[in-house]
Amino acid sequence: MKREKILEVKDLEFSFRTYGGVVKSVRNVSFDIYAGETVGIVGESGCGKSVTAQSILKLNPEPPGFFGEKSSIKFKGSEIVTKTEKEMRVIRGKDIGFIFQDPMTSLNPTMRIGRQIGEVLKGRMEGRENLSRAQIKERVLEILKMVGITDVEKRYKQYPYELSGGMKQRVMIAIALVGNPSLIIADEPTTSLDVTIEAQILELLKDLQERFHTAIIFITHDLGVIAKLCDRVMVMYGGKIVEKGSVEDIYYQTRHPYTVGLMNSIARLDLDKSVDLKPIEGTPPDLFSPPVGCPFAMRCEHAMKICYRKLPDYFDISDGHQCMCWLQDERAPRIKLHTQLMDKGEE
Amino acid sequence: MAELKHEKNDDFEIVGKNITQMESITRPSLSYWRDAWRRLMLNKIAFASMILIGIYILLAVFVPLFSKYGYADVDSEKMNLFISSQHWFGTDSIGRDLWVRVWRGARVSLGIGFISAVLNAVIGSLVGGVSGFYGGRVDMVIMRIIDVLYGIPALIVTILVMVVLGSGINSLIIALIIVGWIGTARFVRGEVMRLKDSDFIAAAKILGVKDFQIIVRHILPNVLGLIITNLMMAVPNAIFREAFLSYIGLGIAPPECSWGILAKEGAKMLRVYPYQLFIPAFFICSTMLAMNLFGDGLRDALDPKLRGTE
Amino acid sequence: MAKYILKRVLISIVTLWVLVTVVFILVRCMPGEPFQGEKMTPEIKANLEAYYGFDKSLPEQYIMYVRNLLSGDFGYSMKYLNQSVNKIIAQSFPYSFDLGIRAIVFSVSFGIIFGIIAALNRGKKLDYLCVVIAILGTSIPDFIMGAILQYLFGIKWGLLPVAQYLGFRYTILPAVGVGFYTLAMVSRLMRASMLEVVQQDYIKTAKAKGLSKAEIVCSHQIRNAITPVVTVLGPVVASILCGTFVIESIFAIPGMGKYYVESVQNLDYSLVLGMTVFYGSFLILSNLVVDILYGVIDPRIRLQESR
């Protein structure tokens, strides 16, 4: 029953040296990704989700960025953290594809679409066959069709400015997909798109995944998108994963006050209008000097003395559902956390 | 979870959130100009450049006043003398003291540079400001004129004006202004148009603030930094132009002297008495260098995006 | 694209027309009798009158003058018999053109290379070296640069010829003298542009594709960083031209600049005006070419303009 584990992230720590000091963007993050599944990482801006995603491909600039000593990222059993740039090139684009947030700026404005996609396949495909020019073109046209672009011969020769936003994001997906990777990392791929286009792109990703059984790490700040697409969710806050579990666990058995806050911040049509949206007050912690205790304590209405002093451990809620919060400790007062979704589930 | 046993039970008492602590202001706030000044002073290169220019200005003012030689005094017995205690920079081919001539030239060159740059900034800002603020037909007419004027090469215009007006300090300043204000007007207009559409101006308008007040209170302080930076960058350009025009014989007319004239006269003697060129050349280059570096520093200091950084 | 070019051409024509009209008005407004000199002979006077038509009414003079220009006749010298502007241009322009092209090729190519080297070695010694060269270059006026080069390489060390224009060795010092300022400007711009492009998202995309550093630099970074450099080619032509004025005098090269400076010093106004109109037209046309080139290189410009 157990599927193949393709990515194993353990104690990942990533920091940046800046003039103001060292920013600890990601602190002790651990998670596994299995073949063919979709995992969402959710959190607000600056919580470290993008840095986590980019460190898997070592895309963060080093220096000023650097990995923590104990950090380990194993892709199909081989360690990524210690790999050289040259070794990484073989993995990037071929084993792991990456979709960036803003398709408007992520495509080279002075290069034709076809060449930008074809580049992934060019040369040095160690352990793989070297493709001829014609073969590359054929493959690019094929992938363009797959991501739902019509009139591919014409598009092949166009420049990015001639394409709409949604079209550009399809091209970005094609770039991520053309090397036939077993993992795709999508860093907020729909944030900068219109809602209607967003729906199309999500549909496309879901569709492609079913066809190729590629695992996807999907980064977003939108819980709605996660519900549509993902099997499992990790909620990040202040550079740490504060709660992770299956989509059902997170949505209906919410345990962490931050996740509760996120849930209550979503505007929804199907729920009672008389209930006000509850924003989370305050701002995320300063990662120059992260608090010693729970990073969320200062914004948490249930914060206890210990929360300010000591970082909580992960508490197992059920199989695969973990939560980093002192409220789960047996000595903590029993607080009834609730979201509208949970209420609805109980009705 | 054995270690957790050490925790006391009252550690689990709920104390709630503590938002105020996170949002306390950690840095004293400085006014824009004071912050810019602070950062300019911290920039060693810009500071040194400023001191150098200051020294040049002082020497330009006082040396010709107190020297025992006049800048145009010819002494046929002391031609082409090398640097000595009598003549600190030596004498030229007709026996004029170069130390005095250099600082007399500095007066003219720096004077032309600063005066024309200031006038450029004033005229350009007025035209650009009016054009950008009022927009519409006024803007369209002004912009068409500016577009065409901008297309005529500045060098050609300056030369034409000099040919018609004849050489001299005044005609040089006029020539430099005729080509100089256009650039200022273009960028001030762009900046004003951008600001005009910004939300804080809209807010001021809704509150019933008069046009004049909006310009003085809201738009001017935001554009002033850029105008000043631009002005400082225009000074070395004007000095360069003056030197060039004097060099080809269209700028200052002898016996009045400027750095350009000195370089021109020195170049004639290059093979025999190279110091006669290299001394004025040194002052032209060091002034240009200092003005450029100071302008760079000023631009960084006045850039609102860099506020609060070191 | 056609619309873009058409618009540029129209603007250039209007600018040209304004230029010649302004020159006409200036000639008519010159204080006193501009065309009077001690050397003026009856023959020269007849030439000038035939060209400017002083005896006719102003509108007629204007039409005559524009017609002359359109037929490529730039006027006559008021100092020397039978020296027409056209004749001088025909003799001297090839020298200036040759020098100008050499200076542009030298300064733009080395400027771009220095800029790239500096940006790729950011914060290292090589970068500082390039930055220092760039700052010095923009602070030394070309006539001083020319004189220094002539003194050091020609007079003091005797490595290169100090005057005239007879072969490749003769062209080195003048071309460097004319182009050094531009080299500095281009390298500064290229460096800034490279450093800006390296922060762009598409560079990260390229990295995520598994391209090597060399591939990213060559096919993504440089290509995009070069576009802003093309925009300054217009000013570059103007500054190179300005440089030829003084450098030609310093190195005794029989180019247009040398004649120009001489005619200024001889107070030969009609010659100066004729050459000025020629220079002005040349610069306006070269700006037009640069604008069109820019449209070809950056496809986005065409789109913006035609909207």
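By written order: A, B and C. Residues from 1 in each chain.
Heads up, the rule we're going with is that contacts are C-beta pairs under 8 Å (C-beta built on N, C-alpha and C of every residue); 3 or more make two chains touch, one makes a residue touch a chain.
All values derive from a computational prediction rather than experimental measurement.
Removing chain A from consideration leaves the other chains connected by touching as one piece. Nearest to the overall CA centre, using the mean of each chain's CA atoms, is chain B. For the pairs B-C and A-C, the larger set of C-beta contacts lies at B-C.
Chain centres here are Cα averages; for chain A and chain B they lie 49 Å apart.
Per-chain Cα centroids separate chain B from chain C by 25 Å. Centre-to-centre spacing of chain A and chain C amounts to 53 Å, using the average Cα coordinate of each chain. Annotation for chain B: no residues touch 2 or more other chains. Remark: chain B residues 1, 4, 7, 9-19, 21-23, 309-310 touch chain A in the complex. For chain A in complex with chain C, the residues that touch the partner chain are 57, 59, 85-86, 88-94, 97-98, 100, 102, 105-111, 119-120, 124, 159, 161, 172, 175, 179.
Remark: chain A residues 19, 281-283, 285-286, 297-306, 308-310, 313, 326, 329, 331-333, 335 touch chain B in the complex. Within the complex, the chain C residues that touch chain B are 11-12, 14-15, 18-19, 22-23, 26, 29-30, 135-136, 138-141, 143-144, 147-148, 150-151, 155, 238, 241-242, 245-246, 249-250, 260-261, 264-265, 269, 272-273, 276, 279-280, 283-284, 287.
Of all the residues in chain C, the ones that touch chain A in their complex are 200-202, 204-213, 215, 219-220, 223-224, 227, 298-300, 303.
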